[in-house]
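Pasting the structures in now, so scroll down.
You will see chain A twice below: alongside chain B first, and alongside chain C after that.
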Partner chain A sequence: MTDKVLDNVESRLGDGVVRDERGGYSGYLVPAARLANVARTARDELGYDYLSSVTGVDYLPEGKLEVVYQLYPTAGGAGLVLKAQLPREAPVVPSLVPLFPGAELQEREVWDLLGIRFEGHPDLRRVLLWEGFAGHPLRKDWTEAYFEEDAKPFKSRWPEGKIHRIEDKVPFRHNVAYPPDFTPDGWVPEGDAALYAGLGQVTGGGNGGDPALNTDEIIVNLGPQHPSTHGVFRVVVRLDGETVVDLKPVMGYLHRNHEKIAERNTFLMNMPFTDRLDYFSSMGNNFGYALAVEKLMGIQPPERAEYLRVMMAELTRIQNHLSAIGFLLNDLGAFFTPVMYAFEERELILDIFEATSGSRMMCNYFRFGGLERDLPDGVLPKIRELVYERLPRKVDELDRYLTENEIVRARCIGVGVLTRERAIALSAAGPVLRASGVPYDVRRAEPYSIYDRFDFDVAVRPHGDVYDRYLIRFDEIRQSLRILDQVLKQLPEGEIQTGKPQYQARVPAGEAYGRVENPKGELGYYVISTGKPTPWRYHVRAPSFINLTTLAEMSRGYKLADVVVSLGSIDIVLGEVDR
Partner chain B sequence: MYGLGMLKGLGVTLKHFVVTYLEDLRWIGKRYDSPESLAVRQGSQARGAFTVQYPEVKLPVPEEFRFTPILLYEEGPNGERKDRCTSCGICAKVCPPQCIWIVRTTDPATGRPVPEPAEFYIDVDICMNCGLCAEFCPFDAIKMDHNYEMATWDRLSDKERLLKPLSYYAAIRPNNYAREEAARAEKEAAKAARQA
Partner chain C sequence: MSDELNHPEIDVPEELRRNVAITTLDKIYNWGRRSSVWPMFWGLACCAIEMICTATSRYDLSRFGMEVMRPSPRQADLMIVSGTVTKKLIPQIVRLYNQMGEPKYVIAMGACASGGGPFKEGYNVVSGVDQFVPVDVYVPGCPPTPQALLHGFAKLREKIDTQSVTSVRWYQKAPVEPIPIPLLGPDLINPRDLPALRDRAAQPAAAQS
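This part shows the complex of A and B:
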């Protein structure tokens, strides 16, 4: 964007908004009191109608907390970054949920992990941690029970070589700290009471519209150990008969504070940790993180590495969507036959990942400025066979097997409808957004790597129901095969790494937001470096997590059994939701 | 006609079912454990049932497959062992979950460090199989193993358990071994030329 356009943006945003002039930073600093107004202007007048990410940063040395908003226009193009700086003692900022309902879960996460209060948020409770958790872990002065040093590598490993097991040092029961006025023995899950109360505030139709029936609405817990919740995940549903009045997702059972771990790690150490986010598409996770750090370092991978990256990312998309289709059929009651058919092709793709990177799922294949290794001998012919011969045939077969099935159609068509406007407002991403008629794909909207060179269509479907979310995955697989065809034809010879591979990446100070179109939606990494070997802040914009905001919208007014189908059609992975 | 879609779908499963038995006939007697049938059945020509009967049948792993780290030693002509590890600590420094502990050796007479580890521990419990240690080891001393069946009573591996002969490595990763040995030989030759 030219300076002139930026100046224009600045003047349009109004008083008190200044450009972020810190070295390596971009975006605008907004006074907290004016945040809602500025966001409204950005949305209504400047076209930044999609709130991609909300996160916070703790600048402990300056005594400040900062909330960072990434906004994008759904028409495509570069984003707008808004930041509000708050005092660390009393960090309060107006909630953007009234403007962008998609901020709901994200603001709760920022409150949970950083203790920033969002005034006007309808339901500001902890989301990933429980009420018995002391403190806000992403604050820089918070230390974990197994704390050893601020940053890895730990001296006890080398040169000291003092072998110990951490659980012997901090035994069970000593590794938990509670808030001051909290006793676990007498604990009644107040969170649940608040949760149910929160659901109760919603006025449904009531008693099926017939007061003479005198029925009560009931609350049902789906999960956390329910086979259709795709992992340890809970949905609290308020029902009127069999009809869903409202629901709330409850998550965090797999929470490990990925971001805190990452802030102790060096930049390179985070690469294998990103594999564990969305463990179905580790290549895509690697991609996003590598892009963010490369932006900071100002390096580019060589041509061949770019092509191999795109190849791996598209193979990942194919196998992820195949499993997504299979698991959706599981949720519909076609138990495990379709998913096993889909897994055959997935296995063959994973064989390629295993031969190339050494692991089927935890690939850890990308490096800053390149890749771990070139394709070993014999892998390329296998990829060709798959892309040109097997996959097109097998995808068509799966299509023939399921798409026209009358039960699938009856269960999916017109169910779980998410309208175009609500999909944008709720910050839905990926196939969920595109199945609601929004042709937004990061690969096209703001091309990264070499996606601007390939000829492909952004898959889009108009109805926003479960059936469209099912069909769009077939569309995307076919587009991925088109991209792979071009990659295989153009793949150049040459180096796969810029410079010498280094285990201590030198990352200049600054911030970067790297985003990729992962199979499940827009995956973003917000990384801040202070020039040290470890990142100061590392945030993951997890598509599965934010897509869950749409679940209530999809389910209201439909039957209980449709909740399961809607959840299946969002395609979540709990490793990424809970982080 | 209502139900046609379902019938079509059932046709796909029926075909899958029949083909499974046709494949059985095609590979009669060697379907389940011969390498040549596995290569076809687990490749892009696979038809019918795709599964194998683990642990009776084990799929071969590719050369780059990585599981947990091992330490390599060179065997002398009289069977003496020479550790390749110099306890430089790069693996311990690059390890993301910090599961490597190295105790360095010091010369008892002079008190100066000797380039050889006195002890080398890997907590396999914590290891995340990422392979960064092997990737950045400058002495080709730590490598990723292929063995994925490693039930033990104690998951803390000491040097004794980690050490494997170079010949073992050459057997599991022949291409990597050949490439690395060539590079080492070249380096040695360059060093010798410089000294001469």
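This part shows the complex of A and C:
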């Protein structure tokens, strides 16, 4: 974008909006009071209709909190970054939920972890932690019970080697800290009353308003231990008879404090942690993080590394989508047989990952400016065999077994419909967005790495129901095979790392938002460096988490059993939902 | 079958060996239990995917009579804690453990369930499920490969083989006490810590810290 256009944006956004002039930063600073107006202008007049990410940063030395909004046009192209700066005491910012309903869960997360209030948010409760938790953990002055130092490696471990157990240094010998004035006897636990109160009420007569049919209104909890919630996820549903009136996702049961731990890790140390976000597609997670940090460092990986990266990312997509199809069929009641078929192929792809990176699932394969190692001997023929012989045949076979199945069609067609407009408004990403008829794929909309060189179609399906979300995964597997075919034909020889491998990456001060099209949707990393060995802020825009905003929309008006199917069709991974 | 069960010192006549085994009560009891350990169908995190891989055709759990994964704790014998145990989740884990019928076993699968793993320092992470529930077998790895989990199952079978009906906890006179369920307060409250917490609250503020 030229400066002239940028000036134009600035003038269109209106008074008080100034360009962020800090070194290494971009975007616009917006006065908190004008935020809603500016966002409306950006959406309605400038075409930035997709709110990708909402997050907060605690600038403790400057005594400020900042809310960062990443907006993108669904027509494709570069994004717009809006920032609102707030005081650290009692920070309030207007909620963007009325404009972008997709901000709902993200604003709740910012409130939960940073304590920023969003005025006008319909249901501002904690999302990852529980109501009643003391403090907002991502504030820089908040430390946990097991806190040792601000940056790793801790002195207790290296290099002096005076090893101690942190358990011996904390009260109660547990990972717990209580406020000094806490007494267990005067304390009343927070129940689920607020959660249930937030559910929409039954209106009208229920069951089509037929007065002869008297239906009961009940609240049902699915999970956190439930065979079809794909992990430790909980859904609270208000039912009228068997029809869903409203639904609230409850998450945080796997919140492992990835972002807080990452602020203490060095940049490179975070790479294996990204593996554990979406643990089905660790290579894709590595990709996004490597891109974000490379943007800050201003380096490019060599050609061969770029090709290998794309190869690994596409293999990841194939095995992820195969598993997603298998688990969706699980949720439909075809218990485990489709998963067996899917995992048969997945194992073969995992063998390639294990041979290449040393681990089946947690690959930790990408490095800043390259890769950890080259392909070992004998792997390339195996990949060729898979891509050219086995996978096309097996994918067709699975397709033949499942797609025309009467039960699959009866349970999926016309169920859990998400319209095009609502999908964009709710910030759905990846297959969920594209199955609603929006041809938005980061690989095409804002190409990263070398995706602009490959010939592939962005898979789109028009109906937005569960069946389309199921079919689009087959489409994407076939497109990935197309990309892999081109990668294998063009794969050059050469280096796989720019410069020497660095154990301590020197990252200049600044901010970067690196995003990739992960199998589950747009995965973004917002990284802030202050020039120190550890990132100041590290935020993950998790597609599974934000896609869950759409679950209520998909479920209202359908039966309880359809909630399970709709959830299966979103394809969530709890490691990424809760981080 | 009979070879496995037969008492080494008692000779069974040749013609009956295919149909008759003379054995001890403990042996046949343990043999029956270890050959049908039904795991609870419950995944926590990354390790759960490797647990599912273990159940699929390449590794094949049915060889051990374990393929019947039960979503209900009432029908399960084995809880595989397959992932990071968080403070928000531990009340449910303890409740599920209490709901399982005896005999019951727990496998801590992976680094997180065994001791907190890479996320140990996190504010929402419990450093190991054994802080609350008794664990029988620890399986190291992040995540453990299916082979490692199978090895854990083999170890569990060995452990079951050493048990005796005279000493196992579920045949004692006194009932097995349920584990007190942790509470979610300003931080996780272990009911066992309550006396210590009350002591601290009774002290003057200056003495705290």
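By our rule, the second predicted complex is superposed on the first by the 542 of 579 C-alpha atoms of A that agree within 3 Å, B and C clash if a C-alpha of one lies under 4 Å from a C-alpha of the other, contacts with A are read in each partner's own complex, and residues count from 1 in each chain.
We take it that contacts are C-beta pairs under 8 Å (C-beta built on N, C-alpha and C of every residue); 3 or more make two chains touch, one makes a residue touch a chain.
Just so we're clear, the structure is a prediction, and the values are computed from it rather than from any experiment.
By the document's definition of touching, neither partner reaches A:86: not chain B, not chain C.
Residue contacts after overlaying the shared chain place A:132 against chain C, while chain B stays out of touching range. Legend: residue contacts after superposition of the two complexes on their common chain; A:147 is shown touching chain C, with no touch to chain B. Once the two complexes are laid over each other on the shared chain, residue contacts for A:299 go to neither chain B nor chain C. Judged by the touch definition given at the top, the superposed model places A:273 against both chain B and chain C. Once the two complexes are laid over each other on the shared chain, residue contacts for A:162 go to chain B alone; chain C is not touched. Legend: residue contacts after superposition of the two complexes on their common chain; A:409 is shown touching chain B, with no touch to chain C.
Once the two complexes are overlaid on the shared chain, A:385 sits against chain B while remaining clear of chain C. By the document's definition of touching, of the two partners only chain C reaches A:232; chain B does not. Shared contact residues on chain A (touching chain B in one structure, chain C in the other): 272-273, 344, 347, 362. Taken together, the chain A residues at the contact with chain C in this complex read 128-130, 132-134, 137, 144-148, 166-167, 171-172, 174-185, 187, 189-190, 224-227, 231-232, 252-258, 260-261, 264, 272-273, 276, 279-280, 336, 339-340, 343-344, 346-347, 360-362, 574-575. For chain C in complex with chain A, the residues that touch the partner chain are 41-46, 48-50, 52-53, 55-58, 71, 73, 83-84, 86-89, 92, 96, 112, 116, 118-127, 131, 142-143, 145, 183-190, 193-194, 196-198, 200-201, 205, 208-209. Within the complex, the chain B residues that touch chain A are 2-6, 8-9, 12-13, 16, 42-44, 46, 50, 61-66, 87, 89-90, 92-96, 98, 100-104, 118-119, 121, 123, 128-132, 135-136, 144, 156, 175.
Those residues of chain A lying in contact with chain B across their complex are 152-154, 156-159, 161-163, 165, 265-266, 268-273, 275, 337, 341, 344, 347-348, 351, 354-359, 362, 364, 372-373, 376-377, 382, 385-386, 389-390, 397, 400-409, 501, 503.
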